[in-house]
């Protein structure tokens, strides 16, 4: 006799799961896991990170002359993991249809292969982000300190992995990768966001960047900046229109200080500077410098009006 | 001869511990650990999470037809862990009294058993939170994405475990669970807060919800919202009165946008909408829509006055 | 034939690494890891935390009468780790010079030994922080709850380890320690910041404290407070002057509420109270109480003007 | 440049593997592992051992009232492992034919299910072996000591698992299980051997029991006893005839002392006693007592003649 | 629906366990593990081995100047494990009586403490065994090779730990330790055997040494030597008399070559040499040299007669 | 106060270690580990085994098309381990001299490189052993069963790694490898033994093969065969002459049955058959068939005379 009424609780939990599955029209028939696994995706990201930066973020005892062996083996294993998880995502998407398992697996393989070939470009992009952080923060003592310590760089390693996954339709995997960065850094970048080279986020905690945001080259953001949506676009009948652009466009060389909130499909022009804590819902011309004071003066509006 | 003066440092550290224990009137006599362990509580939460959502958050290789075996075994082990940790907490609370060890253990067991029977209801509540997130975020592609990826849901899994522990007097365990969510998601919900079904926090980072907050059904919060206390209530002699209601009541169907701060035992009426970054210390009527602009107009006050 | 063009990707990745190393004037010749490792530093912090608080944050099954054995062994191992990592940092710093490996190792050892002797003082300081949290938060039920649960205390354990490392020139190690706290708590304290005893951060998420900040005794901060720099000081030719004081001085017994932003080398006088969300770029006299309202009244300025 | 000519060695190793595969007519085309894994089989045996004797050989912290949860979960996982490994074995056997993968998997499942239903009988048999050891060794202090300590019992746990696998045609899995016992105990029992209840091997090291041996009830063997084959039976053309009986039949209640060697399809009659180090290639009548001396007297032969 | 009839098998296994417990008059009521654990005892032996030979069999990265810290911590942890396991053994022994749990625990602690104080003498004894192996095997190149590689030394480390446990009545623990050596080395020494300093077993596989054997100083044994019992002594009524001396006495400086079998309470006199494969059941005078040939000549007997 | 007098025991153990080190003229001054580590050598062997047989003894989830990546990475890591351990062995050997650390490391590297280039030949040799086992045992069902299950093959994998190490003077490493096989299989092959291709040991337990034994092609041995030394050769003054041939030469195609003992530098001629349990100390001509009976007849000697 167990100290706990385990059988009863198990039966009740089963009933709740049953109801959930019924409401979701899921199979009650059993079978293998149908969803990607957070744990496996975490392993995947760790492996890719090591393959991208073997001597700095790879195993402690790696030697530079052995890099390629490590990279090849790790990459190969990681890409097979990616194939498996991508297959799970694609099957899950098609779960209400009669799909051809072999075709789905081949499709997942094609996407994994496509992703694989982008890795050198991803590394090159990340090198520009590291340089941007090094030059952007006067307190940075070396590019290596930046790579090892800056949460903004950690977040970008995740984003530059997640974004291609998102673009090739593996949105669930992309999201799991993005949320791993969010949990580690407090920086919440939707994997759909388009971000140019040389991107730097200082401190970072609380930054939110939305799905359709477009960010140019050499942009710099401070903590708690939001690039969000004002509202969801609707069609004539008032239905939500997913996928339409609804987040800001931030052009090259823009700097946005801590706590600024920019909402909607507005454009922050090339080289503009946005002051701390301002609330912006309109375009800002190139080269402009917007502060709470300037904003109020220019518009006769109080901060935060919307 | 060690390279370090280890013996000296050990002796100095011992003296500091000695002073601390003396100042805290703790036993200097030795004995076993007297406090719950963060590590063990983390294991406990992991196990409960797996038992609540076996096919999505349980072990990667679990099969649906084997769920009940996994759930029963995991639950049984988890509940014994809970019994052990609850015993430690109760003994710690009674450490200045002459307690009856067997009675304390039996008491801890009764609480663990009580907690166990609430698990099916916890799962059902969490299902409503998942549905709320799915319907509340137009970008959500499936309920499974919500469960796997949304930090708000991760925070609620912890809260819906922590809250019953809090209510049965295991406040230290409840707090350790809550801080685990805080560390992972940046969302800080006091385990004492009462939260109705269908609760959704988008993005989440920076949300703070206080101990005596009461939140109705289908409420939605965005990042960096604070439901805090204005000040601690004091009695006639100015002594702090713990336990008195000091955080907001948020009624059904309220939406609170990012950065809003609501302080004190005020009531946000059913269906109200609170705009981004507003600062509220008074009741808001049902159905009202409060923005910084409206607030200033209505009150002739500037935002942030208090 | 692998499913992936691994050899090609490996070669491309090698080319990107080659370009990076060339641009950074790094050796292409191979050899061992040249940088401290985040993983090893994490182990180091874990070990020091256990050695500082053996019965509360050490191994679950430790007994009080065995503390010294555990502390001695753990400390000894941790200090050898520190020696190794410090050697890596010092060599990395000197990598463009012809250094004497033995001298560098001896130098690292001297610093590790110096750090070691500060540990009892670190523990004593942390005890004051724990007491401050206990007294500062009416909801705290015991000093042990504070140590186990409060993210502010977790952040201070890291800071009080990182700060001496920073002061002895191990800035990279110090930074890795600090970023570990940042990732876990959302609290971002630069290891250079000077912080007096009895420091308490409530909730904590989003707090940012800059490199040259100086904080007195018994100071209390709430979430999302920023003690930042207004701008970097430049010399006559406009070159950045690193190392000059550029962050606030916060005197004893100051309280700063959530979301306040204090920028530049200003002084917040003894006993002052800074209200939520205010934006301060000037000195505040001792004992003053600054709110958004008072600030606007005093200056005829709107909040956020700068 | 690696310190080792890794690429050359890898290429040479590949050539050797290529030659081997060619000589074995194996696919050079790639693909997944084709063979059961020793590691996985080891896990399987560990799991079955725990499920058979949960409170004595299961996890250290199991409680008796939780046995069934542990047993159910462990068994379920183990049987799925068995299904996987059995599928690998069956596919490997059919690798030169065009097999139907689904049919093979179903066949493996049927065998795993058949094995599963035999487990209670296996446990009951093992209980008789434990009792036999307890009664057979005057030095044994308890049945639990016997189960925990006696290598003969460890070997029988493996054999009573391996034998049914062998009988249902999973000879490779059966063999891997048997060799695990051999490695741990120095006792080498072919999984094909038929062994009745109440079997006891004292000390055990060096015991060898052949594939077609048949052992009755309550038989006792000491270390270094061999029940071997004299020669392989051949047909008229001198071809080996596999599967024909070629090892001894040992009837009920026989005792065989250390170092005795019994070769060929001879019968040791009920209740006979075989002395240490004797060499037997002929039948021994029931109840007889054979020593080296008696043997030589009876036959006019010296020990070891054959 | 599981692929396997798990519930049925679990129920059947439960019935078999129930029958076993009934036949053994064991509690069916549940509760914690009642027996020492092989795994925990294995940990214990590992820890003691490291504490006895820290720089050679301890952790790879230990430094000589840190030995004492490692030894103190490891020993302390090991002795607490010993206390726990000894308590389990003593309770198990008393399980049919109404014992006083506190007294049993104190008794176990006294034995653990007694064992602890013998450790330096154990190390000193083992040093003589290492020297004996070094001098006894012309192929040995260093004392360190002997300690790291010789299975005979591994077996003696276990025996010199197991024997004091046996002598203080912890026979089950002693036996588990001895069987661990048996499994690793194929050398089967009963923990009751008394063995003097400077003992050397070459190769070792198949050596069996019985419970009441007494071995002097500087004795050397080769593989497959048996020091066994001829038969169990019985009293007038034919009952087995446990504990009576029934294994050989081997005096100082004796050498026994491979495969020799010596049975019963006979004495092999000081300095005698016993040839390979001889079978001895009588005393051998001091200084004698016994071979199969000499034996047969002297007795007119063939080898192996008994 | 610890429950155990740990400080006293630690001090006593230190004294014993001090005495030992003094007697061995070892440094008391401290420093790093001076000896190879059994654990690291075990890792090394595991890695080499995987690199030699990737699809059968490598990781469970390896795919054939990824073999080379796995092999390259694993080999590279293994060879660096070998370099480290070889350096330790060489330094240990030279510990009483003033050696040049860099030269020793370079020497170790040269040996590791030499070993590396032999790996393809080692694999090819092992393939002949596998074929020999497959053809030699009528019960073998496939070459894969042989590789996965036969202890004789496991022992040869170790020996074919250990022998080149021995030949290049890394005798301690070689010995540690050999003893690992001994512990796992009960087969004790000195790493110095020279063994030709196609070697097969059936069952294996108890086989002993001495340092200077020379074994030809296609030789077959059964369990408990000894190829030992009769006595150590001495020079005119009676000093042991190490390194002189003192173990048997076994020519091509010889078969030796279970328990046979062959001692001294005798030659067993090509194609000879040695029966079970015979004791041989003289040459056996090519093609001869020796049994106990034949031996006694031919020599007028009883078995075991020596």
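All chains are identified by letter, namely A, B, C, D, E and F, in their written order; residue positions are counted from 1 within each chain.
By definition in this document, contacts are C-beta pairs under 8 Å (C-beta built on N, C-alpha and C of every residue); 3 or more make two chains touch, one makes a residue touch a chain.
In this text, all values refer to a predicted model and were calculated from it rather than measured experimentally.
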item: Same-residue or different-residue interface between chain A and chain F, half as cut-off; value: same
item: Superposition of chain D upon chain E: rotation angle, C-alpha, nearest 5 degrees; value: 120
item: Of all other chains, the one whose Cα centre sits farthest from chain A; value: E
item: Inter-centroid spacing, chain E versus chain B (mean Cα positions, whole Å); value: 54
item: Approximate Å spacing (C-alpha centroids) for the pair chain D, chain F; value: 26
item: Intercentroid distance (Cα basis), chain E paired with chain A, Å; value: 60
item: Distance from the mean Cα position of chain D to that of chain B, given in whole angstrom; value: 54
item: Residue numbers of chain B (touch at least two other chains); value: 1-3, 6, 30, 61, 63, 65-66, 69, 72, 75-76, 80, 186, 205-206, 224, 302-303
item: Residues of chain A touching chain B in the complex; value: 2-10, 12-17, 19-20, 24, 27, 29-40, 92, 171-172, 175-176, 178-179, 182-183, 186, 188, 190, 205-206, 208, 211, 224, 226, 228, 232, 240, 242, 261, 279, 302-306
item: Touching residues (chain side chain B, partner chain D) in the complex; value: 61, 63, 66, 69-70, 72-77, 80
item: Interfacial residue positions of chain F with respect to chain C in the complex; value: 1-3, 6, 63, 65-66, 69
item: In the complex with chain A, residue positions of chain B that touch it; value: 51-52, 54-57, 60-65, 67-68, 71-72, 75-76, 79-80, 83, 109, 112-113, 116-117, 119-120, 123-124, 127, 138-139, 141-145, 148-151, 184-186, 203, 205-206, 223-224, 258-259, 275-278, 291-293, 296, 302-303
